[in-house]
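The structure under discussion is supplied below as structure tokens; questions concerning it will follow.
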Amino acid sequence: MRRAPGSPRHWPRHAIMIAVSFLMLIPFYWVIKTSLTGENIYAWPPRILPVDPHLFNYVDVWYLIPFGRYLLNSTIVTAMAIAGSLLFNVAAGYALTKHFPGRRWIVVLLLSCMLIPFQATIIPAYLITSWLGVLDTWLGVALPLLSTIICIFIFKASFEAVPPSLIDAARVDGLSEWRIVTRILLPLSKSAIATNVILTFIWSWNSFLWPLITIRSPEMQTLPLGLARFLSVMEDTTGALFAFVVLVLIPGLAIFLMAQKEFIRGLTSGATKG
Amino acid sequence: MTSKTTWFQRKRTRELALVVCFLLPSLAIFFLYRILPLGWNAWLSVHAWSPLKAAQFIGLEHYEEMLLDDDVFWQALANTLIFIACSPLAIAAALGIALLVNSDLRGAAVYRTIVFLSYPLMTVAVGIIWRWLYDERGGFFNYVLRSTGVIDQPMKFLQSFDWALPCVILADFWQVLGFYMIILLTGLQSIPQHLYEAARVDGVPARARFFRITLPLLKPSIFLCIVVGILNSFTSFDLVYVMTNGGPGHATELLITYIYKAGFGQTRFDYAAALTVVQFLLLVVLTVIANKLSGGNAGSLERQ
Amino acid sequence: MSRATIRRALGHRFVAVPLALIVVVVAWNVYIAFNDHGIIEGEVTDRTGAPVIGATVVFFERNFIYYEEKQRAVTDAKGHYRFSDMKTHIGQLEARTDDGRKSARRQLRLWFRSQDTEVAPLVVETPRS
């Protein structure tokens, strides 16, 4: 017997979920409150509501630190990662839909590469990047993210779902392979493209360890590096640091909320595989 | 007839050339940044090498130094294991939330979004947020504890030898809870409803339904969560770096932060490579154990 | 492309949100371009509301943790003063008269550098007469 959604038996669940949501949102609230308050943030006791709230901490942050520069670096690196990964992943996904000798071995190889976490490779990856001469450049920071195995398999699955008659008809019409991909397969794989874009965006935007290793000069630093540097350099009694944190979080949150479904689908496609 | 075979052969080679062409960039990236580093790590760990001198084979000397002389390594290893051991708590909590949210609750999507909101955030920002929450002057925890009279003096959470690691683990818990919930939700939604109906018709009580139907069918998702939990101790570099930088006195040092310090702080690439090899072996061993515990074959089940 | 497809494409969240963002950023920059001459002006009055003529208004600029004097202006016959070509976004204002009366230090915070602002009146004590 199914219960109606609004029935009274659901109230305990709502109560628990509201409590859980409240606990999960407290860190957000505390930081936003601190970034808006006009008082000395270290004074005891801290107020629950911001005292004399004003937005000028955000203005201070904009001028105090090279926020524009950090934003530019992060954006360029992320744009390169997204563009490159779309190109490489689509190509690799398409190649894997074809049957060729050794296909099984390549798939096994890729799956086993997935087991190697990035953190187990940082030392040699640094040496390789330095040997390639792209240390301290945008390309060097974007390079490891130019192809990811999850996205290749998402594209492969998406391409395999296209009825082969369409592809054969296009081939009879004389289209080259790449044209087949762009004209026929990609327009039918919009959600795979969106998943690739959002996953690569989140991984590239939030990555800290790799830029920390690769970037040597202050003017090439990305947003996470700028944030960490600001933390160690400034210790003032205003909420400027937290205004910086809020400013940094807003793009990530906005993009996530815009593309929530695709992001979750990309994360769980690894769960339902195998 | 010969012209036909040549045409066919040319088409096959063309197709092969195309496949190679399309696969090459991706394979190059994976080779450069996944496979080659694995081998290079192993090679570096048995050589003495610095960027100025040539490499020199020294066998297992680095491992000797690590296991016998290096207290920081053992501390980092212990901390990493504690970190990993706390992930089942997070998984259990996420399972509870997933069960609550999975029912036909009004507004379940809102609850899901709120719990998952913390996952796509920049981990550095999360570290700064939680560092502020733990602050002894303006932080939330001290405020609550002192206001309710539990403690009198402000407590320096991140500077105490006992509390620093649990505090970092709690911050990570907050961030990763949403991810576990999503994975478990996906697993829950793939359980066919007719099993529950049949059990209800047979008069099976709710608790037995949970343990006999839900849990076994969730094994693949739980296994994935455990693997993510193990990997989490590696990706928590950002959190530890921002919150405590391994302190106080290596109380929150994880293997990954120690690798970073050895490799890029002390510039001992060879020793850091040896540490990386040990960390990777730890990952493999723990994953295999988790696999065995969840019934082998990555937790997937045979059809009954 | 027909009107219907354009409207559908614009309504899609992946297009509408970045477009809205770009519009906001452009509008903000246009606003800044029109209002960034660096003019800070206001008037000095006493407690009864009468304008104070010939008072000196001092502008302090923030220098890390303290404020140092940067510029002075004198109020005209109507009690108005005007700083021009200011380049900062944070500072303090104080009015002083020749006979030693001072106003409270007013904190000034702007939304962007060189923003044109009109400040609320600086109030000095009414002269004893």
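For this structure, a couple of remarks:
Should a chain be cited, it is by its letter among A, B and C, assigned in written order, with residues numbered from 1 in that chain.
Keep in mind that, in the parts below, a contact is a pair of C-beta atoms (placed from the backbone, for glycine too) under 8 Å apart; a residue touches a chain by one contact, two chains touch by 3 or more.
This structure is a prediction, so every number in the text was calculated from the model and none was measured.
By number of C-beta pairs in contact, the leading pair of chains is A-B.
Legend note: the chain whose CA centroid lies nearest the centroid of all displayed protein CA atoms is A. In terms of their C-alpha centroids, the spacing between subunit A and subunit C amounts to 39 Å. Averaging Cα coordinates per chain places subunit B and subunit C 50 Å apart. Note: centroid distance subunit A to subunit B, computed from Cα atoms, is 16 Å.
Within the complex formed with subunit C, the subunit A residues making contact are 54, 56, 59-60, 63, 194, 236, 254, 258-259. Residues 2-3, 5-6, 10, 13-14, 16-17, 20-21, 24-28, 30-31, 34, 41-46, 87-89, 91-92, 94-96, 98, 100, 106, 110, 113, 115-128, 143-144, 146-147, 149, 152, 177, 202, 205-206, 208-209, 213, 223-224, 227-228, 231, 241-242, 245, 248-249, 252-253, 256-257, 260, 263-264, 267-268, 270-272, 274 of subunit A are the ones that touch subunit B when the two sit in their complex. Contacts from subunit B toward subunit A in the complex involve residues 15-16, 18-19, 21-23, 25-27, 29-30, 32-38, 40-41, 44, 97, 100-101, 103-107, 111, 113-118, 120-126, 128-130, 132-133, 137-140, 143, 146-147, 154, 174, 177, 179, 182-183, 186-187, 190, 220-221, 224, 231, 234-235, 237-238, 241-242, 256, 259-260, 263-264, 269, 272-273, 276, 279-280, 283, 287, 298, 300. Within the complex formed with subunit A, the residues of subunit C that make contact are 13-14, 17, 65, 89-90, 109-113.
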